[in-house]
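When the chains are written out, they are named A, B and C in that same order, and each has its own residue count from 1.
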């Protein structure tokens, strides 16, 4: 039965992905794991963008800005907040019981930054414990900041439609990028803000211990995040929320005239998708270990848009799968090759082909390559049913 | 900044009252049942310029036309900003060096003209197709690259003017072909949401053109030769306070204003093209047809103009204008495949500021943005920071315009 | 008992005075025709009633509660539903999903399956049940109008405003619309019918409101209104031809 193909495929895929790190044993293990983690990251972004653009019709080009907000919030949290067991006297600090919550002053870009904490460390004569608050708080904080800005931007763009909305959100993204690269005293600009790995002291799962550079724990964290985000979004999609955002995408006035609180659902969409993007950004930032303002150049946004378009804008799962597939394609097409005397630099040409594929997908298969297939499966029989019912209704006249 | 204690409170004061004005004024006007399309803008400017002292009479009188209030307050706000800046930073080059200011103003005008040319292409496309071409910067890039390859690599003997024509031809053809291949499904309802479709498909074109050019030309910066060398003049000949002095690469007026040759040449060509464009739009059949379609599509179709052809012409022509501004600027800046991003963003700012679809709006907007950028780069004390914020100035203008007056200065109401 | 009270509603658009003190009252399950030449202010009045625009001055009360400053979604919940002159079915949602929107908006906490039976009953009544899983865009223009009526049945408002429901509709579907109007009316709801098709108006309505340049120039039973010299002057004299063209614009039968 063709109706069950998508669900079956998803099930097989999930089992495969869950088991993959345990059974895969080739020598390029770390590389492949890295690809999977990054692919999950893009999948989260592409699927949340599809909720925003495909479902709610808000074609925002500021999605990466929320990702960057999450990344930079947790990055700053990670670099500037400390817990000490004694007062520093040099930093801004808040006593918390027997501990002090210390906020560093901007370190700047010098090669060996000397912060107020270093000054205090030099001055202390007793043994003082210095720790960082758990980075999971930073990630949580990043998600909240992403949601807050999502609400704010959503509020500002309520009246803007189509092209204006795209321009406004692009503008927001560019302003954020300018601020991040200009305020080097705080963000370290293009030099990059360094972050601790997700599990700085390693982690042990079921007796097996992994150190901070092992990919497996991060793989499962990112995978779980992807599943959680998709589960959340699918739940929303199947609830009234999904129905209402689609109705306001189709016709805002008509939806309002039928009792839908359009403003609330638009804002809701912005907040949810921004938080998801921020979560992905925050986790990825800790995984990569360094973030620069280049994470929100327009090419990155274009990549996410392209993934969602190729997968299918109107389906969260299709967009996520599109993200994974496109990312792997881009990676595996890196290999240069030579035909006769012409050597092809695939690192560039793959992007050319890719741009062409995006345009052609939009032109000829607007709903994405994958989504079309899903529709072919799940809507099997709708047309036949319509025809059959009509025929049945017309045969005995006045049946009803 | 020396006395930043003066500057920032003034700015904060202006912002605070500007916000109050922009939020409250529409409500006051709405209560009196007046047209509120300008209320946010008027409130913001009056608030920024005069705080409560201007807002109170504005709300009390609630004048029918706010144009005078807006212009006066805009000038006032600008004057306060400049005064605060001068007081706060008396040693800044912009305050002490008058000739630098004059040069910056001249450069702002020169660059503004070229920006306007590019933005007009964007606004032309919008006025006919109701589409924002996100790949506008790529046309700019292709225009510059074509000039470089034609005049420096393939045919070194070719006069630069001819190379510019070739660049125009190439971008015109790309624009026309793209429109035929990818935008035609928009017109007959085959696409459910045509505007969003166009946004996405032109976004795809960005990707494609940028990397296509990079694959062919590489990522290292190239730069074309100056089109013309100025003759060396000094007028009046021997006396000392000369009026005009030129070297091969530079032009100086009145011993103060200095404009570099490539920019000057580019601006002159831009002005010529603008005149040509006006002639085309107002004096030729095709131009009149274009304007007719932009004003009323159905009426134009009834009058025997094929709107389909006009779509193609507008997109090709718009792309060509972007290509042309790239072609004249390739002698002034070094060129990489990613060079189009910043000018594209700037064009978005200009057309939104001027009003999407308005040609005079694009021109005025171009000049304003040129001046703001010149002031921003010349006067901000920390040059590194100033350079990073260049794209942000424009985006700030864009954001404010969309919030205060989404139709722009000369925009038509949709 | 339904009680809509429109009291001295004015609306200005810049210099245009679109409604000039419109006052009328709807009590009980009335079936009212709202007519007037093009540009008379019919659609503006509809938009004011539905909350899409706020009146400049004047008030609207529904069942004793003031509704003229409520946003449209609250007006809808308060009990005014409308169709649009240009059909506004949700094109990329299935027919059933179209019907679920008002049902869920009205009943927080209930899910789609609560309304499945009701929706199917409505679709059968409107004779488009065979299309329940088709997308809105797959329906013909007339069927989309029926779909809009179906959404209104799910919303079940006290006052139903139908803006040009018959324009360009196949006669067979028109019959369904008549049935719909009677059903709603017999259920005790009031209907305000805007149409250029005098024939339908005169068959269906027992009361007519006539707008002309923002003025409510007549309010009464069809016979009186028909013979009102002001109405003849303003409306019937010039419009009768147009009502003819309205019926003549027939749509091709079948399904696109």
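Side notes on the structure shown:
Convention: a residue touches a chain if its C-beta (ideal position, glycine included) is under 8 Å from a C-beta of that chain, and two chains touch if they have at least 3 such contacts.
Predicted, not measured: the structure shown is a model, and the values here were computed from it.
When the C-beta pairs in contact are tallied for A-B and for B-C, the bigger tally goes to A-B.
Farthest chain from chain A, judged by C-alpha centroids: C. Separation between the centroids of chain A and chain C, computed from CA atoms only, is 45 Å. Put simply, the C-alpha centre of chain A and that of chain B have 33 angstrom between them. Averaged Cα coordinates give chain B a centre that lies 47 Å from the centre of chain C. Residue positions 192 of chain B each touch two or more of the other chains. Multi-chain contact residues of chain C (touching two or more other chains) are listed as 91-92. Put simply, chain C touches chain A in their complex at residues 50, 52, 71-73, 76-77, 81-82, 84, 88, 90-93, 97, 100-102, 104-106, 108, 111-112, 124, 127, 129-131, 133-134, 136, 151, 155, 255.
Those residues of chain C whose C-beta lies close enough to touch chain B in the complex are 12, 14, 56-57, 91-92, 137. The touching residues of chain A, when paired with chain C in their complex, are 239-240, 243-244, 246-247, 249-251, 253-262, 314, 379, 382, 385-386, 389-390, 393, 400. On chain B, the positions that touch chain C within their shared complex are 33, 35, 192. Contact residues of chain A toward chain B in the complex are 53, 57, 59, 156, 159-160, 162-164, 166-168, 170-172, 174-175, 177-179, 181-184, 189, 298-299, 302, 305-306, 309, 345, 348-349, 351-352, 354-356, 358-359, 362-363, 366.
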